[in-house]
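The two complexes that follow have subunit A in common; it is paired with subunit B in the first and with subunit C in the second.
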Partner chain A sequence: MDVPFWNKEIETADRSRLEAIQLERLRETVGWALKTPFYQKQLRQAKISSADDIRSLADLRKIPFTTKDDLRLNFPRGLLAVDMKDVVRIHSSSGTTGIPTVIYYSKEDIDNWTDMLARCLFSTGVTSRDVFQNMMTYGMFTGGLGMHYGAERVGMAVIPMGGGNTKRQIKTMKDFGTTAIHVTPSYLLHIHTKLEEAEVKREDLVLKKAFTGAEPHSEDIRKKIERIWNIDAYNSYGLSELNGPGVAFECVYKNDMHLWEDGYIVEIIDPDTGEPVRDGDSGEVVLTNLIRRATPMLRYRTRDLAYLHTDPCPCGRTHRRLSRIMGRTDDMLIINGINLFPSQIEEVVMRIPEVATNYIIQVEKRGDLDHLTVKVEIYPKLFLGDPSQLEALKGRITEELRSAIILHPTVELHEPNSLPVSEGKAKRVIDLRPKE
Partner chain B sequence: MAKQLTIFVENRPGRLSSIAKSLRENNIDIRAFTIQDRGDYGLVKFIVSNPSQAYLALANLGCACALKDIIAISIPDKVGNFELLTSALAQNNINVKDAYGFVLQTNLKGVCCLEIEEAQSAAAQKVIQAAGFTILKDDELYNL
Partner chain C sequence: MKLTQISVFLENRKGRLYDVCSLLGKTGINIRALTIAETETFGVLRIVVDKSDLAIQTLRKNNFVANLTDVVAIEVGDKPGGLAEILKVFADNDVNVEYMYGFVEKFSDNALLVFRFEDTDNATKILADKGVKVVTRKEIEGL
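Coming up: the complex of A and B.
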């Protein structure tokens, strides 16, 4: 098989070379981190007061973990390590509550991230001859602009479609001869069911490759995508705390994702003890970003469960491969590629006096897409007996949820005390999607 | 003003019977009822012998219920009378939000219950009486 390399020297560097790069960049990153109020405190705890205190990669484990809550509590500038005049981009992701998490990028940070993405894309065999349609949401979400820049760097013709508007997506694929797309797996399945409606046949399209990300999916879903579309589908992993997409990506062999170890240090830990698991065992993915100055990130707990392959990939790359994400250690839901914490819904429900405090979040498949229903209880004392009051209430809750979580849920009103009383978060969530 | 009891109920089996049971246990007599279907839920409206007592009984059960003012009109059961009533309201630009009616004695006596916006309620009562209809007193309605 033809194995294309964007940067063969680095992609095939032996372990000792990779570790030397990691140590050098870790020291540099610790130096940047010490400029932020948050990491000054964290690193002081670990008795690290300068980059010189990092003498080997083993010293990484002295540094405390960073969590999403840390980012939230230090919003908006507690992790900013450069002057705002040196920031060229701000991305944000949903927090577990109304406070989002924010990531700043310097010009060099964007350049580094873009290069990682170019490396990812190029490793699947795309070239400047390809036409790339980006179906991920643009805006504050990193999946849109991040991948856009990477695809441009490869030299592909980039169509910045963004998410949704299925018929127009299909028509655009036909009009411009799209050969590669970036998309969530569920949306890619959904588009296939709309071809007929859009009066476009598969033969009218020249689509060859799809990069699927933003939601965990099984090997079976990949096979289904590849079968019904007759394309190659490559899994992708990333999160804004670690730049965005491009942390790990599948090469032409499609046997799980090379995690770029010159840019990120990966640890797999036991989520309960925080201790590393044995080589090849599954656990929580913890990542350190080695290539971002404006918002350094040390030992970030992703809450994603996965494992690292111990066997080499036939492509010759030395960077270890991350398995598919097998689950989460927290209660985060991923709905059509959008991350959702039940606490975000709770926050909205609590704000509305006409509904009681019990609620249920139900997720199911409608066709190939996820659908979210939020069930709330009427608060008896504020019930006036008017259907118009109830419809207005439904509308208001829907609108408040939509602006808080981006998704458009169905809101159902229920009788007082009819929903299960809260006993821990898990009971509030009913996920009816088939387990793969 | 006469009170109608409105109850929020989920659209699923067993909800009506639990309300009916509570009314029976409290010895409440039902004069009339109607149900408005709103998809996943419904609104049940009752005229009962003792609305306040019924309200408390259901509220104790945890139901979302409300007492609403209505105008209950005694209306002779005769062709054209409903038109007479509604055209009188229409001529005075009075809007009816919700309404239902029932016959008490065939060819003799019927009742029409109207829900009118509060701001128009006093005017509506005058128009109804001017059109020759009698508005039922609260007790007359509850003890039909």
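Coming up: the complex of A and C.
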């Protein structure tokens, strides 16, 4: 296989070289961080008062973690490390709680980030001959502009479509001969169902590659995308706290994502203890940004669960590969040894029209085993007064859950608005198992 | 003549049947006929009441999942073979009964039974042809 490199020297640098770069940049980043009120406090706790207190990469572990809440509490300027005259871009996210977070970028920060993205895109084999349609939302979300800049740097012809307007997306792909797109996996699946409506045939399109991101998805979804579209789909990982897209990206081998270790230090920790897991084990991804001056980020707890591959990739890159995101630390359940995310259950019950929007996942001990019960509220308009209809519905939900999550749950049907709701936000998981 | 049956979804929760009955009672609605189809984890209550419009409004307003179904109430001679006579009419005319149940109280010497047919319109036509006495809406309301 032809393996293209954007920066071969760095992408194939041996570990000692990578670690030397990391140490140098970590010291620099700590220096920047000490200019912010938030990190002054954090680093003082760790008895770090200057970059000189970081003597080896092991010293990283002296630094306390940074959490999303820290960013919220220090909104809007608590993590700003440069004068506003040196800021050229602001990205922000509103988040579900309503308190926003903000990230500032200097000119050099944007340049570094863009270069990482060019590296990502180039590693999949795109070149300046490609036509790139960016279907991610622009605006404050990093997925739009970030990838736009990276694609331009590769020299692709960039079509800044943004999200939505499916028919127009399809027509645009046809009109301009789009060969590569940046898109969420669910939207890419959706577009396929609209081809006919847009009166465009697959053969009218020259699409070859999709870069999927912004939502965790399974290998099955990738395979489905590749099959129905007959394209190559590459997984990507990023978050605005760590610049945005381009933290990790799949190369031509598509066997999980090279995480650029000259730009980011990755740790995988046990989310309960904060201690590192064994090599290759899964845990929470913690990232330190080494290439952003305006908003430094040290040991950021992403709450994403994943693992690092320990075997090398045939492409020759030395940067380790991050697995697909398996879920979020805030919501994972372990039931009879099987990892389960409420989102997996949500996915199943939400595609059944007879189910209303509320559901509860309950776990309890029955003997030695964990037992899972999924309670759903029925949708009143679809109740026909017939118990056999409801029995059939229950059977259908049970079967669909069983095939999606391996576990065999008990399904209970409930009346609308009967399941407990707390503080306006539905409480989804009730774990009745005794705590050890 | 068709009557309106109300089906109410009851989750398997203590006192839910009582909730329905007391709510209707407080609203001045009389239950004429009643049956419960139960499964392991939920039930469906079926009732025929004197004021079905008011009943369904009241139930829905109180967040019960309720739906309307057409049924027919038939007077059956309260004597040996009374029911068999009726069922023979159905059998001879290919009328399929989905389920049936009895009234709570009698209002004549005859027993009253509620029938749910696969094809209600066809069934009422045949009953009329055969001269079987069915209960009218007025009778249910004034019972």
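We adopt the following convention: the second predicted complex is superposed on the first by the 331 of 436 C-alpha atoms of A that agree within 3 Å, B and C clash if a C-alpha of one lies under 4 Å from a C-alpha of the other, contacts with A are read in each partner's own complex, and residues count from 1 in each chain.
Heads up, the rule we're going with is that a residue touches a chain if its C-beta (ideal position, glycine included) is under 8 Å from a C-beta of that chain, and two chains touch if they have at least 3 such contacts.
All of these numbers come straight from a predicted model, not from anything done at the bench.
Applying the stated contact rule after C-alpha superposition, one finds that A:Met1 touches neither subunit B nor subunit C.
Using the contact criterion defined above for the overlaid structures, shared-chain residue A:Ala58 touches neither subunit B nor subunit C, since it reaches no partner.
Residue overlap on subunit A between its contacts with subunit B in one complex and with subunit C in the other: 378, 380, 383-385, 387, 390-391, 412-418.
Residues 6, 8-10, 15, 36, 38, 40-41, 43, 59, 62-68 of subunit B are the ones touching subunit A in the complex.
Interface residues of subunit A, counted against subunit B in their complex, comprise 378-380, 383-385, 387, 390-391, 412-418.
Here subunit C touches subunit A in the complex through residues 5, 7, 9-13, 37-39, 41-44, 46, 60, 63-69, going by the rule given at the top. For subunit A in complex with subunit C, the touching residues are 378, 380, 383-387, 390-391, 394, 412-418.
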